[in-house]
Amino acid sequence: MTGSPFLALQGIAKIYNEGRHNEVRALADIDLDLEAGKVTVLMGPSGSGKTTLLTLVGCLARPSAGRVTLEGRDISGMPERFLTAIRQRTFGFVFQRFNLIPGLTVADNVMLPAYPLGRPHPELKARCRELLEMLRIGDRADAPVQWLSGGEAQRAAIARALVNDPAVVIADEPTANLDTALTAEFIGVVEMLKAQGKTLILTSHDPRICDAAVVDRVVEMRDGRIVGGR
Amino acid sequence: MNRTIERQRYLIDFTIASLARRRGRNLGLFAVYTLLVFVLASASLLGYGLRKEARTVLAASPEILVQHLLAGRHDLIPESHLAALRDIRGIAAAEGRLWGYYYDAGMRANYTLMVPSDRTIEPGTAIIGSAIARLRNLGEGDAVHFLSPKAKMFRFGIAGTLPSESELVAADVVLVSEADFRAFFGFPAGMVTDIAVSVRNPKEVATVSAKISRLIVDARVVTRDDILRSYESLFDWRQGMITVLLAGAVLAFVILAWDKAAGLSAEERREIGILKAIGWETSDVIAVKFWEGGLVSLGAFLVAYTLAYLHVFHFGGALFAPALKGWATLYPDFRMVPEISGQQIATIFFLTVVPYTLATIVPVWRAAIIDPDTVMR
Amino acid sequence: MGGSSGAGEMLFHPTVMALLLWSFAAVGATAAAAAFAWTIIREWNPASGSARQLELERRTYLIATLMVAVLVGEAVSLLLFVFNADSMAVMFVGAMCAVGTLNASPYGFPALVAKIVVFFLAVVWLAFNRADNHGWDYPLIRPKYRLLLAIFPVVAGSAALQLAYFADLRADVLVSCCSKLFVPEQKGVAAHASGLPAMPSLAAFYVATAACVAMGWGMRRRPGLAVAYSPLAAAAFVVAMAAVVSVLSTYVYEQPHHHCPFCILKPEYGYVGYALYVPLFLGTGLGLAVWPINRYRAIPSLAEAVPPMVARMAAVSAGSFLVLIAVGTAIVAVSNLRYL
């Protein structure tokens, strides 16, 4: 793994509503290499393009220009069908507002990403239980998600991101809605995942995250460009 | 292969859960769907049942009927033709039939009086159909009085009733002896109502009827197949007219289906966005939506078909019978022999499920192609 | 007594209306799919990251969904068409089953054949689509949509034939039915098929279907046989249909002179026709797709997906022919009719 980057972006630009009067240039001239097994934070104010960059990194969208290389394979021009297939196995997502589906139980929500893969049900159930235990919400498995507290909801969202055992976990503003204690807990989860060998990519403008010891790299962004980092 | 099946099972599970979560939203569509299938299925089952009934009636009727025509109207035919007919090669038997209609003013019902050829009835007695027995509350040993067209009162002792296997055939029949029949109607001697001919080889019906036409020039020769054909086209045509009238309803249903599928709530849109973001593919979402449509269709179809079955075979098709039957009011208990055919089901499927599915394809596709990064914006 | 008379009188028959409605819908759906296909053929550019390319890509889902709907609908409508022909037989003098009804107009049998062709084309197209969906650069996108453009006129032609057939039906025409049509003394393909000598025809049935089974088996080691498999499957379809008409049906009816490919679908013969036709159509449809798909096994992005897919299709196809042999043998074994 060492040497060649796990994920490489070269000359990336992203333009929304291209060619129309409401055209938005969200990203320009992005070059970024990400290594496996590290924790990277994309930092910047809102509107800096960090979430857009996250969607490109996580194969949720395709760049308008430039190349995205995953483990040496160019995936920038790939049709959605195949991007999805890559995403299913490589990336797990934790969204800012968690985006759990109300009306379903915690366990059902956690298992959702695995449905299209058609994994055998007993195996999937066991995996779900294991994750919920690991994140210490095993007793909430059969509760509808709307009954969960903020911290529990985030753990459920993390469990969902991990259900297909992805190499990379992506989290968008993970601590935006959490108090100090819960933020500390979240950082604990990040440490645990890093220890398991996962690659983590987060966006945040929260100093509690950017300054955390577990973070290997911070990429600063402004107006759709990378302006610095450490 | 197992993965494909397993995947579909997960998708169905998810579909059932999401249908359950949005019960109210789907209920309206389900109700309209059920109503439409119910109406179409009732019309179809009724038409089919009646057709079958008609076939049963005709199965018992002779292969060829010879009637006399006078000024283009059905007239009595002389028995003297019988001998000539029996000489035609290919004819197995020919016999004169005596039958006529009698209007019972008291009950406001029409009866068919006939002289049976296969049994003898004692003069002064009658055997009656089950509908008449019910209507006039008669049983064996009772007596009934009929006022003849010549205004003479006749008394008949009831010697029995006909079994009610197929009501349509025998419900309104009164069997009497030949002497009573002729006296009651003042029927001239040597004449019969018509002549029933049976043929040795069914393939020769056409040839034989042509010979009869040449022999008795003023006769009308009707074959059983002719009657069957006109029944068929009559029923088909009536059923077709009902379907045409319902075309408007089908169209309205299609518009409703389109609208329902296109008008996704913000919540549903968000849900699809989430599914796509966490790794569902466009075709997974399309599959879920079609399972949803399929389950609603199947449910509505089963419920509606069951209701239509009960309606037609247990309640006599009360809602549509007038349009399809179009005759006699004598059969209050008229029940058809239950019968379902694959063709009927496939026809109704094409008139309901297929338009529904086609109407939802584009809206479903539109919903399924939501950008997976929508939830991140 | 009928509500109307003359040509067009059958159009008000409910099943006829359902079939016509479907055929119009199928033409509409295929037309829409073909229109999208046309834009895709002209504008497809996998190198482009533009919004337009994404839009085209997403249209492929719509087209595939429409074509699945067309395939399922055509399969059901093929069945309904035969059912209906059978039940309408009573309305034509001389007709006793579907053959008589189909024979009541010169468009009858062509309409049936066109429906079968549409069905097979839809199967082949969906196989193309499935293979293409496995290649990350959609390598078959242009051949696939060119095929779709070619399918459209067939679907439209099939609908036109069906409309012409139903509009042309008149209750007062005298028709000949299976007892007359499928007799050796008559002219035409049907009579020719029924005039085939029974035993050689049965032998041909076994040879053709067994060849399919053997070659399907052989393809496990030598996938190159695909080039021969599809034509063989097509030939086996023709031979099997001829055998049904000339000899297998007579075993079912236990009458050496009753040749009819439709009556065997009736309940009085235990629906044995379905046991013959389902494997035959499945085996032929997949068999027809084997060769065109196998041609693309060298494309790098398909190198992984196509060989197992072709192998699966060949296996299911050959398996279907094996089932067909078993059903055919069972019919001969159970029957009281003996030729030898």
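Chains here go by letter, A, B and C, matching the order in which they are written, and residues are numbered from 1 within each.
What we mean here is this: contacts are C-beta pairs under 8 Å (C-beta built on N, C-alpha and C of every residue); 3 or more make two chains touch, one makes a residue touch a chain.
No experiment lies behind these values; they were computed from the predicted model shown.
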{"item": "Most central chain, Cα average position", "value": "C"}
{"item": "Dominant interface by contact count, named by its two chains", "value": "B-C"}
{"item": "Whole-Å separation of chain centres (CA-atom averages), subunit B against subunit C", "value": "32"}
{"item": "Cα-centroid distance, subunit A relative to subunit B, in whole angstrom", "value": "63"}
{"item": "Interchain centroid distance [CA atoms averaged], subunit A/subunit C, Å", "value": "49"}
{"item": "Residues of subunit A touching at least two other chains", "value": "80-81"}
{"item": "Multi-partner residues of subunit B (at least 2 other chains)", "value": "282-283"}
{"item": "Where subunit C touches two or more other chains at once, by residue number", "value": "58"}
{"item": "Residues of subunit A touching subunit C in the complex", "value": "17-19, 62-65, 76-82"}
{"item": "Interface residues, subunit C side, partner subunit B - complex", "value": "1-4, 9-15, 17-19, 21-22, 25, 29, 58, 61-62, 64-66, 69, 73, 76-77, 79-80, 83-84, 87, 90-93, 171"}
{"item": "Contact footprint of subunit A on subunit C as seen in their complex", "value": "46-51, 54, 57-58, 133, 136-138"}
{"item": "Residues on subunit A engaged by subunit B in the complex (per definition of touch)", "value": "51, 54-55, 60-61, 80-81, 84-85, 87-88, 93, 95-96, 99, 101, 103-104, 108, 112-121, 160-161, 164, 172"}
{"item": "Contacting residues of subunit B [partner subunit C, same complex]", "value": "44, 47, 206, 225, 228-234, 236-241, 243-244, 282-283, 286, 341-343, 346-351, 354-355, 357-358, 361-362, 364-365, 368-369"}
